[in-house]
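Across the two complexes that follow, chain A remains constant while its partner is chain B and subsequently chain C.
This part shows the complex of A and B:
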């Protein structure tokens, strides 16, 4: 259909809003990154590329980039393996009621705000004095530790927390994907003598390729931007910045140090990273599988 | 369980495994709930137990008297409702235009729209904060609503579903003299009800759980939404675990109960968002 007036009437204000709150800030941020910018000051000197030079020499920035990648890749990988496994074993159960019960319980942590559950983990699980982790360590004769002050374990704990908090969502998506695969293929393979593991990898997984690609892309884009749990569990990035990620570093530089110019330069780096990861994934995962 | 015959041994193994797994999954929530009923002395003294020695409502009384909990609830409910309603309208309307109308630069605009989804909120947070300040919206709840009115994801989802409605129906209505808005209201909307449900759940969850935007845009305790308020509250009560966990329980439990009641619609709706 054609109707220029109506199309303009709908699109003009919407694209204006998108421009104001997404496109313009991107360029505004790029602009700020060339200044020594503090909003409380009247005069903010132009620095040229100084913020970027500083960034490449900043060991905390490097640490944050590495941590962001470690978190993004490890957590997403574990998340997908675990959620696919759970979705698959739930889907083979013969009773609808059991399926619903398990999917519902697994989804409960996703309903609560991340800062809330991270707070609960902070005081109930990670806590030095009587937290679950130290209690379990105690069973094995390990002395209680202040986990927030460890360098190696803190990131692992945050990854485990994130998977706990976020797994229900992907279980739901994968379940829908698995149930969308027509059963005839599976049955045919079963008659031909293929075991459940082989059927899963060679029939179900390729046939739900589109769901898989969607989930992988969304989860990864999401995990590179995770912020809330880092803010609650390791607000200053932990000992030796072992749990500092780019999002938290941008926040700290801009709203704790008021160095918004430098923070904007880091934000540009995050933008390039997220964009590059999405492009690579898009290329790798292009999936045109149908059921025919 | 009428059809007992189809259960095989491995089904029982899976069920047993999942029961244990779900039990572990639920531990933090159960711990939060039980701790909120303990006294601080009890928590300090009996470290090996997670059960309250004596059940007490002390934490809840403190949480409700020392903090504007009800106000935070109302703030969260108001912002979530307004934002969800607006996003549903804008997304379906714009999705309708992209799915059913031909115009110049349609493809370019749609790609541009999708590209905006790739921009993380943290990348634009500094400029958005400065802009909101200059607009005079800092520390008002408009700062949370106005930037969220148009959702690229919502438009994309709506467009995919609206594209499935046959063009012939829309064209027939147009020939019968129906205005674009009439087609939208009478043909498009009733035909994409599942997508609207899905989009609504998705948007409401995002808005209800949002932490970054309130953190940037709000300053007054009275104006805060629940996630931010909970963090602020907990930093003020670091020595008072009972009260913090009572507040956390009050904040999380209603949503969990609503979810359990409507879990079928929730899960169906979310699954739908991944299918297109």
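This part shows the complex of A and C:
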């Protein structure tokens, strides 16, 4: 009984923090979404479901939902494929030192703040006049392009940037997952004549299901909420809102249009989307087993 | 022992979490009496010459009013408006005076968070200030801001003197000459401009020049019911002219899409001429360390039509939050700041145009700013851009322009009509100015 009290006491601050910074803002945001809300006003008229009706009629919102899904699905897929591949390559390196060196190199972009690296990409890589991308295009005789005026290419650039900036984190997680797979299975398959590719797909990958599920769910939830690179590279969403995602649209409604009520309604939509995607993924990737 | 440590850590965590939610406003202590003086807090955005000018005015004010201590704080423009918004929502004011850009001001004015301008300043506003400067600061016949400048993004061109001299060219005096020179000197490489002729395609200058081009043909975009209509013969003709600058390879959309000002290329020797308000001169001498008269000059923009006409949006102004603890002191400072003899010094230091009619003939201003006195002659002929959130208006207009540039054979009239309807529906001020 005394232990239970102690546990409750120790856990209280975490729950307090969770309540103040997660649960309360969530319900507060939900409340705001029913108002024409501007915190500086004395009177904020109640709108009922008007903000939600407006949201479903808003073509930019629809575009932002589609873009968020495209970005989330494509970037997460590429991220997982690339990081898994790199983790596997690193795991077969003979020297522990080289493993550390490669993991460190890949992890460096994760340490740098995304706003900073996105700014460097924006002015150094995709800039029309003198940007690296146009210089490379020039070597192949391609005329320089204003990448900010493209549609598909701009989103591709943002996806490539995101993968570059976020690669190291998942490489480390997958490396840990691969190293956690008992070597006996791999050795047994090898004795039975299975090649390295087959051993990877049929032994290692299924046995690191928990790591895979964790990485996939966390990356997906994280990518649906990516903001900094969109704000820096395509602050207004690009041509025809080709790179407008929900987070940037929420920011725009809150701090450019000062329409906090509508922004909260969009934020609720994003919350439901991320929640639903995470639930579906969790169900699909559930693994209730151990090595024992 | 472990449990004791856990309990101590728990308590420390709880206190640190709750400390962030504390209600005490630290700055409140600063704004209370500091000895004999009342501390008045003034916020502005980060801009070196502007900050220096504010500090000079503050020094003069404090000499005249030793009972006050005005403390100036400045913030990067990117976060400045959010900081104001947050401050206005608090119960106890962190700030007594705020400098606000007219394009953003409506978002604050439509709330109840600003103090009404007192009658003794209103008399001055109504008798001596030029109409466009007051525009958005009026709400239902009351005033919530005092202009500190006349905002004019149209009227002058930064010209790269070195490039003109090297090419042995004279500055253009007519629109035809402007386009002719622009076409002659421009060099394009794919979507990159190796050399820009004349540029007015940036997020600020584009719409201002376009509206002027309509008005100079004797047209009008602002209807009697305050709705917008660009799809007039004058509007279409002006848009065709602007589009041809891009399609003829005199400039590109780089400044517009990257959020840069067009004049940067002129200062970087990558452009001959760029349209910008007189404030752009300060960027040349300050940021680029160039010499006026040697490296660049500022000349009048040739008229597109037959008559002088342009639209001006409300520029920078000063406001007092309703939650300020020292409203009287704040207004006293603003009254001092707005006196012609003080305002003229501020306008000179900031390369701003004066907002008061009585200052248009100021010898002090003309003597200090000989390069932009030609603007003083046209200022009274300008009209207010209209009761619109001009930041939102620009976004729609610029987006439409980019789309028009990308189409092979664009339906200009239809695009202008759609943009007019969208701006009328979405960008009108949420309050009546009369």
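Basically, the second predicted complex is superposed on the first by the 274 of 292 C-alpha atoms of A that agree within 3 Å, B and C clash if a C-alpha of one lies under 4 Å from a C-alpha of the other, contacts with A are read in each partner's own complex, and residues count from 1 in each chain.
Note that in this section a contact is a pair of C-beta atoms (placed from the backbone, for glycine too) under 8 Å apart; a residue touches a chain by one contact, two chains touch by 3 or more.
In this text the structure is predicted, and so the values were computed from the model without any measurement.
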Touching A:270 in the superposition: chain B (first), chain C (second), both, neither? first
Report for A:17: first if it touches chain B alone, second if chain C alone, otherwise both or neither. both
Given the touch rule stated above, what does A:128 touch, chain B (first), chain C (second), both, or neither? second
With both complexes overlaid on chain A, does A:262 touch chain B (first), chain C (second), both or neither? neither
For A:35, decide between first (touching chain B), second (touching chain C), both and neither. neither
When the two structures are overlaid on chain A, which partner does A:223 contact: first (chain B), second (chain C), both, or neither? neither
Considering only the touch criterion stated at the top, classify A:113 as touching first (chain B), second (chain C), both, or neither. first
Between chain B (first) and chain C (second), which does A:236 come into contact with in this model arrangement: first, second, both, or neither? second
Contacts of A:6 with chain B and chain C, given as first, second, both or neither: both
If you count the residues of chain A that each partner touches, which comes out higher, chain B or chain C? B
Footprint intersection on chain A (chain B / chain C) at 6, 10, 14, 17, 20, 39, 129, 255
What residues of chain B sit close enough to touch chain A in their complex? 1, 3, 6-7, 11, 14-15, 17-18, 21-22, 25-29, 31-32, 35, 43, 47-48, 90, 93-94, 96-97, 100-103, 109, 113, 116, 118-131, 133, 146-147, 149-150, 152, 167, 170-171, 174, 180-181, 205, 208-209, 211-212, 215-216, 226-228, 230-231, 234, 241, 244-245, 248, 251-252, 255-256, 259-260, 263-264, 266-267, 270-272, 274-275
Given the complex with chain A, which residues does chain C contribute to the contact? 3, 6-7, 10, 13-14, 17-18, 21, 81-82, 85, 88-89, 107-108, 110-113, 189-193, 252-254, 257-259, 270, 391-392, 395, 399, 402-403, 406
Chain C-facing residues of chain A, complex: 6, 9-10, 12-14, 16-17, 20, 38-43, 127-129, 134, 142-146, 148-149, 235-236, 239-240, 255-258
Contacts from chain A onto chain B in the complex sit at residues 1-4, 6-7, 10-11, 14-15, 17-18, 20-26, 28-29, 32, 39, 86, 89-90, 92-95, 97-98, 100, 102-117, 119-121, 123-125, 129-130, 132, 135, 164, 169, 172-173, 175-177, 180, 211, 214-215, 218, 221, 224-225, 227-228, 231-232, 246-247, 250-251, 254-255, 260, 263-264, 267-268, 270-271, 274-275, 278
